[in-house]
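Residue numbering begins at 1 within each chain, and the chains themselves are lettered A, B and C in the order written.
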Amino acid sequence: TVATSTDRRSSMSNEQELLCIFGTGDLGRSLGQRLLQTGYRVVYGSRRPHSCGPLPERAQVMSHAAAAQSANLVFICIHRENYDFLETLAPELKGKVLVDVSNNVEKNLYPEANAEYLQRLIPGAHVVKAFNTLSAWALQNGPSDANRQVYLCGNNAEAKQAVSVVATKLGFTVLDRGSVSAAKELEDFPLQLFPEWRLPLRLAVGLTAFFFFYLLIRDIISVYIKEKKDISFRIMVSLANKVFPIVSLIMLSLCYLPGVIAAFLQLYRGTKYKRFPDWLDRWMLCRKQLGLLALGFAFLHVLYTLIIPIRYYVRFRLSAITVRENRTPEFDTTMAWRTDSYYSVGILGFGLYLLLGITSLPSVSNALSWREFSFIQSKLGHVTLFFCTFHTYLYGWDKFLRASSYKWYTPPGYMLCLVLPSVVLVLKLLLLLPCVDRSLTRIRQGWERTNPDDDSRKSLLT
Amino acid sequence: TVATSTDRRSSMSNEQELLCIFGTGDLGRSLGQRLLQTGYRVVYGSRRPHSCGPLPERAQVMSHAAAAQSANLVFICIHRENYDFLETLAPELKGKVLVDVSNNVEKNLYPEANAEYLQRLIPGAHVVKAFNTLSAWALQNGPSDANRQVYLCGNNAEAKQAVSVVATKLGFTVLDRGSVSAAKELEDFPLQLFPEWRLPLRLAVGLTAFFFFYLLIRDIISVYIKEKKDISFRIMVSLANKVFPIVSLIMLSLCYLPGVIAAFLQLYRGTKYKRFPDWLDRWMLCRKQLGLLALGFAFLHVLYTLIIPIRYYVRFRLSAITVRENRTPEFDTTMAWRTDSYYSVGILGFGLYLLLGITSLPSVSNALSWREFSFIQSKLGHVTLFFCTFHTYLYGWDKFLRASSYKWYTPPGYMLCLVLPSVVLVLKLLLLLPCVDRSLTRIRQGWERTNPDDDSRKSLLT
Amino acid sequence: TVATSTDRRSSMSNEQELLCIFGTGDLGRSLGQRLLQTGYRVVYGSRRPHSCGPLPERAQVMSHAAAAQSANLVFICIHRENYDFLETLAPELKGKVLVDVSNNVEKNLYPEANAEYLQRLIPGAHVVKAFNTLSAWALQNGPSDANRQVYLCGNNAEAKQAVSVVATKLGFTVLDRGSVSAAKELEDFPLQLFPEWRLPLRLAVGLTAFFFFYLLIRDIISVYIKEKKDISFRIMVSLANKVFPIVSLIMLSLCYLPGVIAAFLQLYRGTKYKRFPDWLDRWMLCRKQLGLLALGFAFLHVLYTLIIPIRYYVRFRLSAITVRENRTPEFDTTMAWRTDSYYSVGILGFGLYLLLGITSLPSVSNALSWREFSFIQSKLGHVTLFFCTFHTYLYGWDKFLRASSYKWYTPPGYMLCLVLPSVVLVLKLLLLLPCVDRSLTRIRQGWERTNPDDDSRKSLLT
């Protein structure tokens, strides 16, 4: 068992703990500097103790065997390819805590995690994986924003406790991830670059590109061909302000569509225990990212709309109309109701949308109970979808009746983008009908259509 | 004592831990599936081992007694109403860890928490309440946003440690809430739906409804009656843009009023140790919710103001004025100063308001010390209230002097909404006077007017 | 060793734990009230047990010695100046847990932390520093936003565990900061008021003041002197809307300049192991605060820009132009392209800027890996700087060619503010050139120009 030397030494507050570091490269040096600053004594193990390059000033250097004998905790800061030479030190490392801080440059380079490999090589030692999610700069300078947490894993609880003590002394928060079989996950974490955002981002880029070219051809190129008028300056704001809301509304409905599909699937199968198809599972897992991207596009749409009155083009056109008319036209009350309503509904929809975004923040969603989170993301979420769709219908109003909206027999952009949200809202309304809702709730509480015996057991089981 | 089997088994990395689940219903099945995925072996205890419905594939099923004997940790996934049958298994469950994951459908259905009842029934076992704040979906699919934390409570530290190990292996973060007497709180948590927001929300809805009808009658119905002109389209934006800022300012002052009342109460009584009246305590506890709702209304007010220039009604009216006048009127510098100042002050007030909102986020407020948090929420908070009130006074300017503002002898909406914030600011200014401030600080540091002996003891006591 | 009385007593759920408090002042009374509410029994130690002022109702009072003997855990709520009298109680306090909750009124009043002093006075007891970051109100009323975490430190692990149990029962989350040598940091924490924001705030105020007076003289005072026209009303919005974006852009470039300087320093020295100069280190540590302040100013700039069309001055001027002209001028397509582009680029820049701000929130940055955080803050950060700079160049366009821009031979404000960001972007472009980038990456991975032997050792070391 690991000697509780950390505790004994700490309680004798005048004597500093001695820690050992194998490896005098980049990471080893940064770690050593930080440990010395915090008040530990550090001894390095090196093959060439007398000529191993610059090390932090107050650290000692010895051979590996000697260094390992003098301390109870050894940081292994060498490449995985060189772990095998550590086998020769197995006698000296017996009963010590080995802290594996290594990272690989790529995922799945090896079948086994580095920490599991090390534990297999030296079964007498207690391997703890820690500190690998930090960069060398963070180790050297202490915690900062993306680097306050240190994830640990290992088989022996006392070894993990000893490493925790060092980590908290360095100012980090420690999260225990379990046994050494969790090491693979810890080694993969620093290599990932937004894995769950890839699909939604590609989708957003694809939709943006599609609608950009669709509207470019319809609005600008067709005018150029038919009327020989160059209105290409309208790309920067007018066209952008059509593409962004269209993509936003489509992505928002893609965020709520899988839930509706899943509900119908459960109703059709009569049970909740059959697994969903893979594509539906993957879709359900990236709903949050779809929603947040849609919120980003909606935010850009709001800003582009609000700068309309300061655009040169708009002011020019308005004053040209005033000059030309030179008399007060009749005040169209329906137009006033329509435009005011559509702005008002749009603002309320965006406000609810922001609320959904705020409750997606990690700290806020952790403070909510499951019932509260579901109320906001599901109920208020569908209300948001409804407001935004209604906003678009009011914008369209009766444009679909006019022939001039259809250039070259293609529908306007806003009509294309209304298809998906309308489908989602209609299906959701169907799910809210009392008879359908009752069946679905029963299925979700565990009832299965094909097995009538379950009802009698319900009183015994949860 | 609980055998540290978790540790021994984990260190022999090829042998998987065996866990037992009582209950083959919804929750039991989801939990079993997740445990099997994570690498545990699972055995179910059931009354009818041979015909108990679909279970996860690789799980075994036995009688309750046999299942309990084979594992050290037993998840109790059965209804509370059936806990009594577990008493018959007390010999087999002696020394085991029983994990109570139950929830009730309503608060206060029973006088005692489920976990306390279970511990009373089987005193030889170690009951740990855990996992009950997660939905079955979260248990099955692993942690996600609102479900990353598992709250534990129980009397025996080693039993809680064993459950922690399982929870972290499943990917959750564990928070220990103390002994089994905390179980009631854990069982109530998933049932709540924004309890501390109820009162502020009702207040906001009430104020909104009141001012909506007040302004509807004053602005629209009165015009219809007097001038037979239908300006009802103004409801959607113009009226909304008066109701929202009024409600926002009133709620912001209701957020700071209890603090001022409490201070005067302490000055009057000459001590800080008498408890506040219940209504004041409840009011002080929902100040954060009042403030955040007020911020939401202020945000809507900002958006409604920014779309003013793209409204059809506004453009129509502006171009009608230009056409009608057809000459340049005199430039009114006072008007320019007034409107620019009132927008500028409004923007700065809203900016500060947003800062208050951001520091209310859980992660940000946890990173601040008490002194920093108080500086922002109290000092900057009163500055925000001042800016927003000044903004409203500048908006009003000299309207109160004109007879036309008073329709049917009622004051304009903005005058009604200025009463409360002005009262709060005046009282706060009184509290800042040096003599008053000195007394209050002394009282808050523990001095009491009625007991002159305390001064001599101050050097000994904190 | 500390008896595990907490565990034994808690498991006998009907018997409440007895805790002792030394000190019957403000903090002692609040703490006692809270402990009684939570279910503990409380006994106070006081010099004058029979006449010591109002205490919570159900608490007992005894002499210090008697109180200390009856409980295992003693809260020390007395001033540090009176710790010496506790020495006389050393025999009764042997083996007990002493919880030091004291705070000083100023930093560095004493060379030693209060907890270390106490431990030195009574070496037989186990001193744990805890609860000192909470205000008395928080202790009395339980956790709220800025007060949910309790930091602990102490030498003995079982003593800290006993205090943790009490803290979690009171509803707090406990973070262990290590041995008693961390007490100084815990005692300093409540006294700080935004230490890392001081320098950026002073810088922001300085820049704002400088540009305010610079533009006041150029735009308003010069017009008054030359044309005798009073346009001072323009201070509130027009002038503010020039000062804020200028300060924002300068501070954003100051946020990215140290990284560029550091890179060139490393290239020049040929190694990453020489420490940076102190001023550069301090600058690098407040980059986040510089960026967040710049975001605040950019947000105000956006709001000030969006209210332009509802300003009386702007409407007056626009309708005056329309009236005066009374004919449609020629439509300037270049002007349309330019203004639309510059709004569009500005909006996209602000959107990215908000994304940077959101990822600075503690909970979001903790959820990102180092690679993800660096991608957003560094790569997307430089893209943001580029967009905002391009936005300002488009705004300037060809103004620099006109003589009227230079009043009294001084350049317009926007030209002054373009210097720094252009320098940063050019230097960053230089760093992206393949040859330079390759050298820098090699240096950052540990290579050093002056020591050619290191290459051969690279296979052994990390």
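List of remarks:
Following the convention adopted for this analysis, a residue touches a chain if its C-beta (ideal position, glycine included) is under 8 Å from a C-beta of that chain, and two chains touch if they have at least 3 such contacts.
Bear in mind the structure is a predicted one, so any value in this text is a computation, not a measurement.
Where the sister copies subunit A and subunit C meet, the same residue numbers recur on both sides for under half of the interface positions. Rotation angle relating subunit B to subunit C: 120°, from a CA superposition, given to the nearest 5. Here the CA centre of subunit A is 24 Å from the CA centre of subunit C.
Contacts with at least two other chains are made by residues 306, 309, 322, 361-363, 366 of subunit C. By the touch criterion given at the top, residues 7, 10-11, 13, 23-29, 39, 47, 51-54, 77-79, 81-82, 102, 133-135, 138, 145-149, 165, 168-169, 171, 173, 189-194, 230, 233-234, 236-237, 240, 296, 299-300, 303-304, 306-307, 309-313, 315-316, 319-320, 322-324, 361-363, 366 of subunit C touch subunit B in their complex.
If you check the complex, the residues on subunit B that touch subunit C are 116, 119, 155-157, 175-182, 273, 288, 302, 305-306, 308-309, 318, 321-322, 325-329, 331-333, 335-337, 339-341, 343-344, 347-348, 350-351, 354-355, 360-375, 445-446, 448, 451, 453-454, 457-462.
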